[in-house]
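Per-chain numbering from 1; labels A, B, C and D assigned in written order.
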């Protein structure tokens, strides 16, 4: 069949990246990318418009009992499109972003980078298309591995290398959970595939297996408390990579969860509640931790956790809806979650690309060192603003649409709900609104401190606007964001279809119809808002043109020698908040007190940073403990022959003894 | 449409009434009702001064805020009259539009690069963030109680449920709305617009650098916002379906009452200590939870 | 044919010793590899036949023999490079030792009798001792001494184990019976004998296989032997040890002691993993770290054998793939030492800048050896876990997973730092040497094979493995 | 007759445990070779002549003459006369070897089997244990070598214990084993510094 052969050819050609001459590498990779995107997108659009296809690749002999078949159903089609768009934009952006590294690094480094990028993309596509267990695990790991190589692009930095490796390990651990889950399925059904899940679920309790899968996928997706790799890896990676990782790669975890849920049959209520509560925690804590970050990309990373939480809330509601037989709730929940996957992939990648441009311009990711970039790099600033508004879920941008759907699922299910249900729902409503508020707090801070006011450092002072090749891709993303925000009905309709087909909820013309109508109204409101704003601005311009306009210094309350140092910093902006959130965040300050005898206090520096409680207590401590143990065990290589013989001697005696005592 | 116009009209009297109340309470005669609007006219006649630190954001922010408020006004019904835009979940749009306006006010304040305004911005952001849940829980209780998710329908069915205890609930709701309005418009006890020390301001300090047209827009926005909340309160306490004249009368009565309440609070109450404010705002959330309990009882889920 | 092979190759090894010129020696070595290839092809064509009464071309033997043959040419090639600037005498000694070693290993693979197998194993010890001592340094001497001493002691123990088989049968020549004729005798034997015999054999040959109780000296041998030799020690020579244990295991697998053997194997395997993890976390010497990684892999093989079921297949696959991946890594070590002039981790770094091709080999090999997909070893690891799930050995599984994660951490940290970061302390500023990237070709080919296994397993391989585990209980 | 020899053999083993001087060790090794020769000759009745010669050769020639000679050379070269034990004092070592004897006897009883002469088995096991003990408890390389030789004697006894004839293959095996022993002594014993234990450069 043409499709599969073409795909295989692309896989094979990807190896040539190492061969082609240096100047050609980028374009060669781009060519492959575009070709593959055209191919797979055509598959998925074909799926969404018509019937599903399956493409068999002649990989995996029967020895492992697996056949590598690319199956495309609604869910995979959706994810394919999401992946393709972000990956393409990311790579276009990368051209400008990687320019400065060309002097430092030899061609091989770039080949590895492009190759890994290609394979990250390919493996993500395969992840969403493959049903067979072993094949899935392999591509799942390839995804982790390629992203690992992408993260450590700047590998001379020991810290980056450390981060990358811990990322790799955590991905590996997650893989083992999925592996065990699959093996259980195989032992029961004889098949190791997503298709066999239904059979398993029909015979056994669903919760335990689901929890295994969930643990594995949640590590990838970054649900708290399994998120610990995320805020480390994203800042370490180059920005186009972090954009792709945060935009689409962590969504693969979501995909897996959805895939498993699609074939679950019992235990739905408890499952839904678990997902919902974990997501609420992730959402709230994620954004709470985001606020106190000074590293721009780290802040964005924590926001990915928050958004994963929002997606999770949607999914959880969907499951609860299925459990309580509330079709509308599950439809809205799943649809909201799915749409938020798309939205988040857009605005988060946009924000990360922006952060990259800022990093290149100001040579720092610490927002305390930036400021006043609005005047120096206006395009980036505007795009960042668009992204922030979208991520805060403010109309008329796309974030609002998905959050609206989720909200409506909750509000709609309130009337006539049972006591516990309504308590749960009202709780989540409050939490979601709190998330929204906190997000606004965080992004007013981020945008305000980074782009507004006066520059706080030399580099920020003479920052230059990013090149065209970095701006245009972002413009495309921003345009899509605005389009989804204003033309939501066009987008939500297919999403509804996907959801109804995937979880076969049965078509619900009432709900879908009603909501397309509502969304039309929202678009109308957005339109009115935009028009009003435009007229206001026009009139304002007219008015100002007829009145005298002058500029002067910012009013300093009578103090005239103001310096940029006096501006409000990110720390001081979050000061009040810190007071409230202290118990949860454990922000630590480092300052040296002024001594009694110090008449003329010398220079001091004030340092405040908050590290991740979960990382410290759930990952670092146990890991260090075990490794200490292992190191203490490893004392046998004494270099003394008699010891070496002794080990054998003792081992034999012990085993003999055990054998005598019939223990083994 | 009626709702929209009435709110606009009410906005004309609202600030004046507040001023009058305060001056009478402090034993002065006080300015004319329309004095605030005269000030705005003055502002419109003046030119403007912009800080050379500021950028585009600072210039467009007031217009955006005003636009969001007008957008929000379109979502509010009056009596049986549906709002201009009425659909399921319009209150979500309502809240988020106002949030959008707030967003721009805050970043505009940060745009000036002045430490005062940054301080104000941080406080504003924090408080408005804390007040969000209260509002949403309140709305949630509406939805639970009536089973509808649109302002117009909710308020139409509010008193039709035939449940006599509704009154208790609507009083709590009204109280909550008043407090939320106070916070959102940064009046006492959270913030005192008449204070003279920048360090103790919230909203006023954020607009220190505005002048002329933009400042006028900001003031207009504030007044409209008051009326906005006023009409929400009105819809909550007055049953729909009486005749229109009476309704209109009651509408203005409620608005006036609301204004006077604000006036009296401001004349007889001192502003909170700044770091007491979060606690105060969180109490609103807990009160909202009480309202939720009440609804649980009213809908016989908790019995 | 076989007789011819033995005679000719031993003759070759002899004449190499006295050959006058490097070129001649090279010619001999190449001739020998041709001979080895020939015998392998011959073996392929009559699988199952017996020659000289003591040698049989059974599937397992052919499998391991082919592995040896595939590794011959690269080993000889890298050997040429490594010894190129030695005196002719040492050059000759090296190659004659190499030829002898390979001959003995081939013999050990093909032996169908415990005693013959044992004799050849003993012979390999002597042959490899020469190679380990090649550098003539104090350390080399110590390593050789330890290796020979411990190996011979261990092998003496193994011999006791073999003699125990005699007790079962009651006839002195029992150990000299071929496995096939042995199997029916075993079935009604006193389990205690079998157990003791197995323990002796396991512990004894663990010196060769590099498994837990007597792994210690192989580690030392790795770290001082010339890289191509280390490649052989940690792959084909370990396979010899594995084969000996595997033969006995197969022999006893029909009897009630099966579960006992499984438990012992798993115990040894887990302990090996434990020690390997601990030492890799402390490793300061690149080659030693690789040696410990061999220990880890052998531990996995033991566990696989112990879990049974799919584990058998996994064990053999693992043995094969490990041979390829690890040998290519050790060949790379040869080039690394010529570029960085050291194996100490704290003095090596920036390999990616100095020798990109080599760094690629390091990283690819690392991925392969750590069984991270797309490494074929992942397949066998997966099968091991599958077997564990079937048996419900959750504790073993958890231990294995945790230890594997630590091993991945330790190894990747070190290799990546060598490839990218700058050395922690550049003690002596030696001029980095120059090596042509062409030398890595053979390594890439081997690794490519390992990766290919992950996606496509050639039927002849799968058939061979399934045939060789046919005797084992399903 | 044979049994006396065997008992004597056991006694030499115990003597090993208590001996203090290396020269004693050497003598003991030689004595053991002699004893083994005697045992073999008495035991293997219906074995063919060639084979018998073979055995006699390897016992008398190697075990009784060559090895002790090499050992004494090494000792003279290194000039150490006394066995330096490590932490384990001789007294305990004696206890250990007694325990070893008990264990091996018990094992032999457990393993009793119509085909095996369990006295041989017991002594063989005891020899093995003693050899290992020598290696494990001693510091000096030379004592390690001696321990290794003792282990080889254990192998020899085992092969005798199996039955009253000695197949060719096993012979070859044993011969190889002895050959290795000789080689180790000849090569390393003279190259290394056997009176020290400084060979601990290779360790982690």
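In the analysis below, a contact is a pair of C-beta atoms (placed from the backbone, for glycine too) under 8 Å apart; a residue touches a chain by one contact, two chains touch by 3 or more.
Only a predicted model underlies this, so the values are computations on that prediction, with no experimental measurement involved.
Relative to the C-alpha centre of subunit A, the farthest chain centre belongs to D.
Think of the whole protein's Cα atoms as having one middle point; the chain whose own Cα middle lies nearest to it is A. Pairwise, the chains sharing the most contacting C-beta pairs are A-B. In this assembly, the C-alpha centroid of subunit A lies 36 Å from the C-alpha centroid of subunit B.
Centres computed as Cα averages put subunit A at a distance of 69 Å from subunit D. Inter-chain centre distance (subunit A to subunit C, centres taken as mean C-alpha positions): 43 Å. For the pair subunit B and subunit D, the distance between C-alpha centroids works out to 101 Å. Of all residues in subunit B, none touches two or more other chains.
Counting partner chains per residue, subunit A shows two or more touched chains at residues 634, 637, 641, 645.
Each of residues 135, 144, 199, 201-202, 204 in subunit D touches at least two other chains.
Contact between chains, per the stated criterion, is found for A-B, A-C, A-D, C-D. Touching subunit C in their complex are the following residues of subunit A: 59-61, 63-64, 106, 108-109, 112, 134, 137-139, 141-142, 145, 152, 155-156, 158, 161-162, 164-166, 168-169, 172-173, 176, 179-180, 183-184, 186-187, 626-627, 630-634, 636-637, 641, 644-645, 647-648, 651-652, 655-656, 659, 664. On the subunit A side of its complex with subunit B, the touching residues are 371-372, 374-375, 378, 381, 385, 389, 392-395, 400, 403-404, 407-408, 410-412, 414-419, 422, 425-426, 429-434, 436-438, 440-441, 443-445, 447-449, 451-454, 514-515, 517-518, 521-522, 524-525, 528-529, 532-533, 536-537, 540, 543-544, 547-557, 562, 564, 566-568, 572-577, 579-580. Taken together, the subunit C residues at the contact with subunit D in this complex read 113, 115-116, 118-119, 122-123, 125-126, 138-139, 141-146, 148-149, 152-153, 155-157, 159-160, 163, 166-167, 169-176, 190, 192-193, 196, 220, 223-224, 279, 282-285, 288.
Here subunit B touches subunit A in the complex through residues 44, 46-57, 60, 63-64, 66-68, 70-71, 74-75, 85-90, 92-93, 95-97, 99-100, 102-103, 106-107, 109-119, 121-123, 125-126, 128-133, 135-137, 139-141, 143-144, 146-149, 198, 208-209, 212-214, 217, 275, 278, 285, 292, 296, 301-302, going by the rule given at the top. For subunit D in complex with subunit A, the touching residues are 86, 132, 135-139, 141, 144, 197, 199-204.
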